[in-house]
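Listed after this line are the structures, all set down as structure tokens.
Each of the next two complexes has subunit A plus one more chain, namely subunit B in the first and subunit C in the second.
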Partner chain A sequence: MMKVLLVDDEREFVTTLAERLQLRDIIPLVATDGDQALQIIESEKPPVVVMDVMMPGLGGLDVLQAVKRRHPEIHVILLTGRGSTQDGIRGMRLGAFDYLMKPVKIEKLIETMESACRSDTESAV
Partner chain B sequence: MTDQGINFFGKITASATHEFINILATIRETSGLIEDLLSLRPVDDSGDERFAGILKKIKEQTERGVSICEKLNAFSHSIDEPRSRILIGGLLDQVVFLMQGICRLQRVYLIRDSAHQIEPPTAIISNSFRLQLALASCIETCLAGALPEERIRVQTELAGERIAIRFVIDTNGSRSPQKLEIPGRFGELNPILNDLEAQLTHLDKPGQSGLTLSLPISSTDNTHE
Partner chain C sequence: MVSRLLNRIRSLFSVPLSLYRRDGSPHRYKQLRRYMAAIMLLITIIPLLLMAVINYHEYQKALRSEIILPLGTLVNKTKHSFELFLAERLSAVSFIASGYSFEELADQNALNRMFRVVKNEFGGFIDLGLIDSSGIQISYAGPYRLKGKQYTGQHWLQEVIVKGEHISDVFLGYRKFPHLVIVVQKELDTGDSWVLRATIDTERFDNLIASMGLDPASDAFIVNREGVLQTSSRFYGKVLEPLPFPLPPLSYESNILETKDHMGRDIFLAYAYFVSPSYVLMLIKPQSQVLKSWYGLKAEILLIFLFSVIAIVFVVLKLTNTMVKRIQASDEECDATFHQIEHTNKLASIGRLAAGVAHEINNPMAIINEKAGLMGDIIHSMPSFDNKEKFLSLTKHILESVDRCSTITHRLLGFARRMDVEMERLDLNGVIMEVLGFLEKDAFHRSIEIDLQLDERLSQIESDRGQLQQVFLNILNNAFAAVDDGGRISIVSREIDTDMIEVTITDNGVGMSEDTLGHIFDPFFSTRKGYGTGLGLSITYGIIQKIGGDIQVTSKEGEGAVFTIYLPKTAQ
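Now for the complex of A and B:
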């Protein structure tokens, strides 16, 4: 079963999303800030991280850079709520696998997560 | 409004719409979770139809809220850069969307005229905020000259070395077109129109009233998408 770390400072949003993913046989881990996210990444090493860009303190792009430095094999999918795509494009340049605009349809999110996991299999072949 | 004032306004609006998007995302996920849980119940539970109807309403209004917030958020970020590459079609979609509520109050319909659009989509380099201000002012002027149930059609056309954006009052043939008064506030807009190298004129089509805002292609990056 796929394991994913969800990172968003909006607790209600991220816990509800986790519950929905669990109903779809995906193992969700949850963090509500960048520091907590990095701790969970070190201990659990989830293959995929879905992360909000705009968070107080350590933002999504800062966490992305840290993850790519220490664990380049982990795929990061960014969620951005901004009206422009600047954050997403910046994130792609920093090594994000993809970026999605909030609010995101769950089917689209799962499709992107599966695509990230498949990219490991394809590059290994 | 000074640049400082505009920047302040944009920052606050961007922040507030970002918060709204987060709220709507939470509502969407929560209603999605209810749908998921309902789908796990036995099929012939008669209460489900009612729940499904309620959830459908929540979803529709959430999508409506998301649409408004996304456009408003994009608008509030239009002050971020003094000059940027702008897809004219996309910008017009945004302005038309944001102005529709104002037009609706007078029962006038504001629409992008799909039969009269530049293909392929064209980008220009300009100041997004000022351009939107000029476009919105054109719409407001047409609104002042329109009657309830009439339409304001927004069209684009390449006209020699310029892009012409036309705002046409569609009276459904029910009355003779009247020349619009270009109000005094356009005098206040003159510095902005000069900055955009824009020209504002009455519509030159027989049997129609409206405005034409033209922009020089020399301010374009000649990029076609």
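Now for the complex of A and C:
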């Protein structure tokens, strides 16, 4: 079973998404800010993190940098409401696996998470 | 005083501030043209005028000294000749009167002998006579019979009694012929006085005047102080006639006046008064003749000045016109660039606004998406219950609506950041049909006839479906707006060569003016005031450029419009 950390300051969004993923046999972990996200990453080490870019306090790109520094094997998928190309390019440069826009179809999200995990196996092979 | 003058000059050359402001009004350029022309004309014509005036005066001065001053010299010389002539005759008479006694001179033979000597030695003598104290001529040598004539009361006799010697004015006397007399008085031991009198021929005066060598238009003569001619004049009367104009002011040195004679002719009058006798020598030359060369020169100076002024005015006006036109053109260019920048800024603002709105909407949309999704998930996993299918359909529709909304917000964001093009192989005819699907109902209600001539053998092209839909939707929306109810729109697709496909959309609507055609792809340009954003065709143009195609439009007012879109078969 795939374990995924969902990070978004929009609590309603993140909890509902978590529930839906759970229904699809994915273990969701939820954080509503950057600090909390880093704590969970340290303790749980989820293989995939789905994270909002714009958050109060520690932003998505800051968290991404911290994660990639300490755990380069963890895949971060950025999910944002603002379709800024600059943010996307910066995120990809900092090592994000992909950059998706809200609202996203659950199938598309799961497909991206799976391909992130798959890329691990492929690179391992 | 000097500072005031400087201020005046400064204000003359200072351009009003309004001319520096680029308000683009034709009045401003007119004013600018006027100022430039005025300043240029001033700085060129003033020195020219100064030069002309200085030349005029210098030439005038030079000509004056060259032509007029010699007249004075001639008068002086001639006056001296006259004085010398009279002084010699007076000396001769004085010499006889002093050298001989009354008795000797009273002897007729002795007087005759003496007369012959002076006549031969000096010339000009007509006769010689001795007059006693009672005024009777007691002896006489000469051609007339004047012995024994009584002269008491004659003016010259009174003059000589007072002064001792005298030269008379010209008069007729007993002989009825113009002459003058030279008289010298001597005293006897007894106290009585006697007078020796000589008559001088005035013909000698005429000779002296003739020796001045005057041209036919000039005149020279002698008058006495009463204004009576002492010699004949060419233009002003015979001898002893009065001079027809007043005497000039007294001057013993030669003097020159510019005046008019009694006939109104402009003349130069050169004259000199004699100390004794009381004559005035006059030389008259008409100004027109003297200044003929000056008038010629004056006309030349004026002509050159006028010609230069005309040339300067022509060049200055031409130059000013060219310069102002250039300024105007560069101003207009500047304005156009400014407007372009303004447009771009507006576009950027709209972009930022769109991105902001899209972002704000995307977040709640994401929540709706997840909530509806979860609802669907839950219903799906529940055992069958009443209206389960209905609920599933509802959640599906909510999700579809969210999807539509997100398409809109993504497109808005795409406008802001020019979303990356997603290339795929697609059937262009299919895309056109999809777009027409949106417009079918409108066409039906308005009885608009859609004439489709799509080439079925059209090869698939590599392009972005979403963007192409946007392109056709924008153009067809415009066509629908342009045609009246019952109008016609035709869509033709065909391959023009191995690389390109052409789609032509023709309507029979209101068409566009030349001016509108020139701006049709500008952002925010709209003829549908209050309806369109003015962005549709601008976005269309941007998309077609991005996917490597081209768009052309032709139109005539009242005859509809033709949009031709060229698309490459393979992505570029």
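FYI, the second predicted complex is superposed on the first by the 124 of 125 C-alpha atoms of A that agree within 3 Å, B and C clash if a C-alpha of one lies under 4 Å from a C-alpha of the other, contacts with A are read in each partner's own complex, and residues count from 1 in each chain.
We adopt the following convention: a residue touches a chain if its C-beta (ideal position, glycine included) is under 8 Å from a C-beta of that chain, and two chains touch if they have at least 3 such contacts.
On a predicted model such as this, the values are computed, not experimentally measured, just so you know.
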| item | value |
| --- | --- |
| Combined model on subunit A: subunit C and subunit B, fit or clash | clash |
| Touched partner set for A:Leu17, first subunit B, second subunit C, both or neither | both |
| Contacts of A:Pro103 with subunit B and subunit C, given as first, second, both or neither | both |
| Shared contact residues on subunit A - subunit B and subunit C | 10, 12-13, 16-17, 19-20, 23, 81-84, 101-104, 106 |
| Residues of subunit C that touch subunit A when the two form their complex | 355, 358-360, 362-363, 365-371, 373-374, 377-378, 381, 402-403, 406, 410, 413-414, 416-417, 419-420 |
| Residues of subunit A defined as touching subunit B within the complex | 10, 12-13, 16-17, 19-20, 23, 54, 81-84, 101-104, 106 |
| Subunit A - residues contacting subunit C, complex | 10, 12-13, 16-17, 19-20, 23, 81-85, 101-106 |
| Subunit A contact footprint on subunit B (complex, rising order) | 14, 17-18, 21-22, 24-26, 28-30, 32-33, 36-37, 40, 62, 66, 70-77, 80 |
